[in-house]
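One chain, subunit A, links the two complexes that follow: it is found with subunit B in the first and with subunit C in the second.
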Partner chain A sequence: MESTPRGDPAAVLRLEALTVSFTGNGGPIRAVRGVDITLQAASVHALVGESGAGKSVSAKAVLGLLPRSATCGGRILFHDTDLLSLPARSLRAIRGKRIAMVFQQPDKHLNPTMRVGSQVAEVLRYHNGIERREALLQARSLLDMVELNGREVLRSFPHELSGGMKQRVAIASAIACRPEVLIADEPTTALDATIQSQILALLDRVRRELGTAILFISHDLPLVRGFADDVSVLYAGRIVEQATSRELFSCAHHPYTDRLIAATPDPARRGERLAAIRGSVPDPQDVPPGCAFAPRCPMAADRCRVEVPLLRLSENADVSQRRSACHFAEQLVCEGLHNG
Partner chain B sequence: MKPQTETAARILLWLTVGYIVVLSAAAAAAPLLAPADPLLQNLPARFAPPGSPAYPLGADDFGRDVLSRIIYGARAALLVGLVSVGIALAIGLVIGLTAGLLEGPVDSALMLLMDAVLSFPTVLLAITVVSVFGYGLAQVMAAIGVIFSPLFARIIRAETLTLKHEPYVMSAYALGTPLRRIVAVHLLPNMLPKIVVQCTVAFALAIVIEASLSFLGLGAQPPQPSWGLMLRNARNYLFDAPWLAFYPGLAIGLTVFSFNLLGDLLNELLQIRR
Partner chain C sequence: MAIIELVLKRAGRLALTVFLISTIVFVTIRVIPGDPARTVAGMEASEQQVRAVRARLGTDQPLGAQYRSWLWASLRFDFGTSFFSNDRVIDLILQRFPLTAMLALLSFVLALLLAIPIGVLAAVKRWTIWDGLGLLFAQVGMAIPGFWLAIMLLLLFSVRLGWFPLFGVGTAAHWVLPVIALATERAAVLVRFVRSSVTEELEKEYVLAAESKGFSMQRVVFGHALRNALLPVITIAGIQFGYLLGGAVIIEQVFSLPGLGRLFLSAIHGRDFPVIQGGVVFVALVFSVTNFAADVLYAVINPRIRVG
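Showing the complex of A and B:
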């Protein structure tokens, strides 16, 4: 397996051969089975996959948020520090200050009994040791920065805000300490389409203005187009394809990515049946040997059912960094499958 | 709840709150309100019936003013309620939070201990404790505090277990919030409604237990004015001077009823808001 060049100065966060398994009743549940991701400074790396692909689990592993039943392997390097071997106290100093996280359901991620201003100020108070009054002032300008009316929202309770506003509040507390990395775990999934694009625009502004690198988790491949710099497509705990967003959307090098792109509704093909992917994601306790996607793959051959395809640079890659985990990556002709 | 029921509940709530406020004010301002010294004996006025001049609720076997003794007795009752619920809440918080946050064997051990305390009949356990540590109000308060601590420990543990998996607690944790801040800012305020309800119920129970122990001669000691003690004294004259039992009994009944009702109503009203 190719590994990222050591000492890459632009890389802020590197997951190296990350594995996560949970203790389950019928044996271990291997949720993440060797994931390598490099997040470059001030860039957006999207982690895309279906439910159960291991995207959220990987993200939570970075901040040590997994339940005790989880065991992690591999390394998670933040600059040159391995977060997996860091003592709890040091990890806590990094959480929220240098790596922050925004979650999926903004409704549930704010304390209902606490004014919004205090919740944002909270982060500043213990990470930067600022006293209450000063922290509230800073919270107000943070709320202004996420395009809310800071003066008003500061004194509101969460139930007085809409879902989109709550997500902005969550983003405000996440960026309060100007973190180097922001992990966004499906931050727009619970919001409607117009708010979705506003939140993406806000995250993009955060990236540009604060230089925050964003690990963006989504099940929605088309959503990350034009927003993410790099995309990793996850399937059953492994990365099946990794490329820059431009490359990936111009031409898929893995049948799964190809089918995902083909499954996107297209207004030009109104009335036609959507190209759904038949079958469903394998049970994480019973992943088929060989390629996990083989049972659903239109191209699967005998070799796919026995031999696990490694994530490797495609031979016909147009740009050097693009990788695919398919035995037949070279035979995937662009557009060939889309129309087929 | 239907709107009319809710309105009725609100009116009842204000009535009970009103009674409790009046009672507390009377207890606090007892020296100003009470017509006489509750300990002052006046043998010629023995068994003066209610309505006698200077004895609106009558006089007891020593010629002491029943009204004054009831007003001063409210002090003892409320004090016992406050202190014993305070002790129970403090112990319950420590045990409940520890068990809920740590889980595992610590949780099992602590909850086993709490169940052991709960498995004894309350009054019997209180009698045992008081017999060992001596008679008196202070001992009674300490005993009730310890005996009631499982009531708080159990709901606080349950709430901790639920709340700690709330997304906002997870969020706060992901932003590096220290544990003590999570407890103070996220856990306690969100379990407050349940704790308040439990406090009112425990308060009412504490008053009953104090009265029972004082009635048995294990709590307040004569000549201290205490409702339970007044009942104990009155049992010798039930037929000759029934008012001696009636008024303290009424005071106990109304007070306990009010706190119980307050607990129920708060419970319902707070649940609606959820």
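Showing the complex of A and C:
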């Protein structure tokens, strides 16, 4: 799917210049430092980065789930409503009904003393005012929809289910009200590889059948290949590259993206050393001036250490709408850097 | 763990506890100074008369023999007869137990009714004035001895204001002050447990997940966090009930209530061995059974133990 300009009616969720900072002991911790993301209806937008890049914080900001020590700036537009300026009551009416969330650890995010059926039914009862019996019936078909045996699982407690099954339950309760947006915060990270792909396939089905747009958060760039329509790569609270999945994986336009792709095992190049990224993510209280990635970047020049590179459209004519926040985006030659 | 296994294990522990307590009390009351035969026979009795009384009471027997015969009889709930009144000990106890049990039970209910709302409020409104007031209640409640509070309540509400009867039993009004005096300290202890338990649950991920579903604060706290937070409180509450039985013995004295307290105190005074022994074993049994019930209740309510 092509990126579309602002104001496009197909955009369900837009983060505009989103900033999030936390009050810390040594001054404010700026976890998100200006992020723009457009989530198109019925599409998957992947938000990728290392831990501490600000992915989860951005996601939680959308639903107002950040602790009180967090301050948000910018705008989070759901259709034309700015969620950041919405009163708590109105935001709660959207949460779980029109924008739902699935979390990383299914065994911790379900209530351990509540039966699975009740947990799914609760959302329907609360938001749609459906009475108990009817809600449980609907919960059962939702559990069937996420490929569980609804009749069996309905009366189970979470601890009786495997991790993958629990994540399916979490998805069932998230999609109960047929939300327009589903925020999936590393939903497969805690699961086995085979279960991972099943959950991805399930989320893809949800997108196709319910038309739910998915903001998919992951630290695993290759995982989102073939699943996400658009990808935003986050580094130290800023987007360093934004493109359609196809474009991004065909050729990185930012050295960080390039290193992320190179740092993953490629069956075609077995036996070679993996190209790990040297150094680590900067301390959010002490982000270097200029490009935050410069200290770890093989291409860094003097300019990178002084001037913050803006996220901008590429000047290369052949690339349509993709954006990169690298001073030298145009000079990146995919093959060359990959092998170097 | 299967529930049967748990019940058997706890029942075994219960039996062991009661056995140890009975042994300790048997030895202790015979080691401390004071001869019941002297009390029974009277101050003017001759040494010979006293010896005759000793033989009748059986306290002239070797300790081991006394212990064996008492233990065998106790197994059949036969705690012997009082040295002074010839009443069966078990009758004396059962006669007075309902009042003590009622006092403990009412105080238990009041303690929970106070502790759960205050603890929840303190946890939800953490680091606010509400939390501060809750902690203040806990601090003050634990610092004030129950008997002192009982006397103060008596002085203020019965003597000065005349709202409640001074002592005795009969009407509902008679229960009010003793129950408040007894419940306050337990409530104070429980407030801290409820507060920390709810605080702990509120920080768990499933609470965030419940919030992400758009549920109101009340729904998140009462529908999700509280049911998990109260699980560990059940065990603590069981132990607190035991304390209530002990506390009731003292509070009964202040309000002149004819419960177990008065029976035990006069028995200790007169070195009435059978009543002391029987009483302690009885209270130990009630205490153990309560804790046992709390453990089983916990297991029944907690789905992770019930099935896993």
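Here is the rule we go by: the second predicted complex is superposed on the first by the 332 of 340 C-alpha atoms of A that agree within 3 Å, B and C clash if a C-alpha of one lies under 4 Å from a C-alpha of the other, contacts with A are read in each partner's own complex, and residues count from 1 in each chain.
Just so it is clear, a contact is a pair of C-beta atoms (placed from the backbone, for glycine too) under 8 Å apart; a residue touches a chain by one contact, two chains touch by 3 or more.
Predicted model only: the values in this text are computed from it and were never measured.
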Clash or fit, subunit B versus subunit C on superposed subunit A: clash
Subunit B versus subunit C as contact partner of A:N111, first or second or both or neither: both
First, second, both or neither for A:R95, with subunit B first and subunit C second: both
Partner chain(s) touched by A:H159 [first = subunit B, second = subunit C, both, neither]: second
Touching partner for A:R246 - first (subunit B), second (subunit C), both, neither: neither
First, second, both or neither for A:Y126, with subunit B first and subunit C second: both
Footprint overlap on subunit A, where subunit B in one structure and subunit C in the other make contact: 63, 65, 92-97, 100-101, 103, 105, 108-114, 122-123, 126-127, 170, 173
Subunit A residues within the subunit B interface of the complex: 63, 65, 92-97, 100-101, 103, 105, 108-114, 122-123, 126-127, 170, 173-174
Subunit A residues touching subunit C - in the complex, by the definition given at the top: 63, 65, 91-97, 100-101, 103, 105, 108-114, 122-123, 126-127, 157, 159-160, 170, 173
Residue ranges of subunit C touching subunit A (in the complex, touch as defined): 204-206, 208-216, 219, 223-224, 227-228, 231, 301-304, 307-308
Subunit B residues touching subunit A - in the complex, by the definition given at the top: 166-168, 170-178, 181, 185-186, 189-190, 192
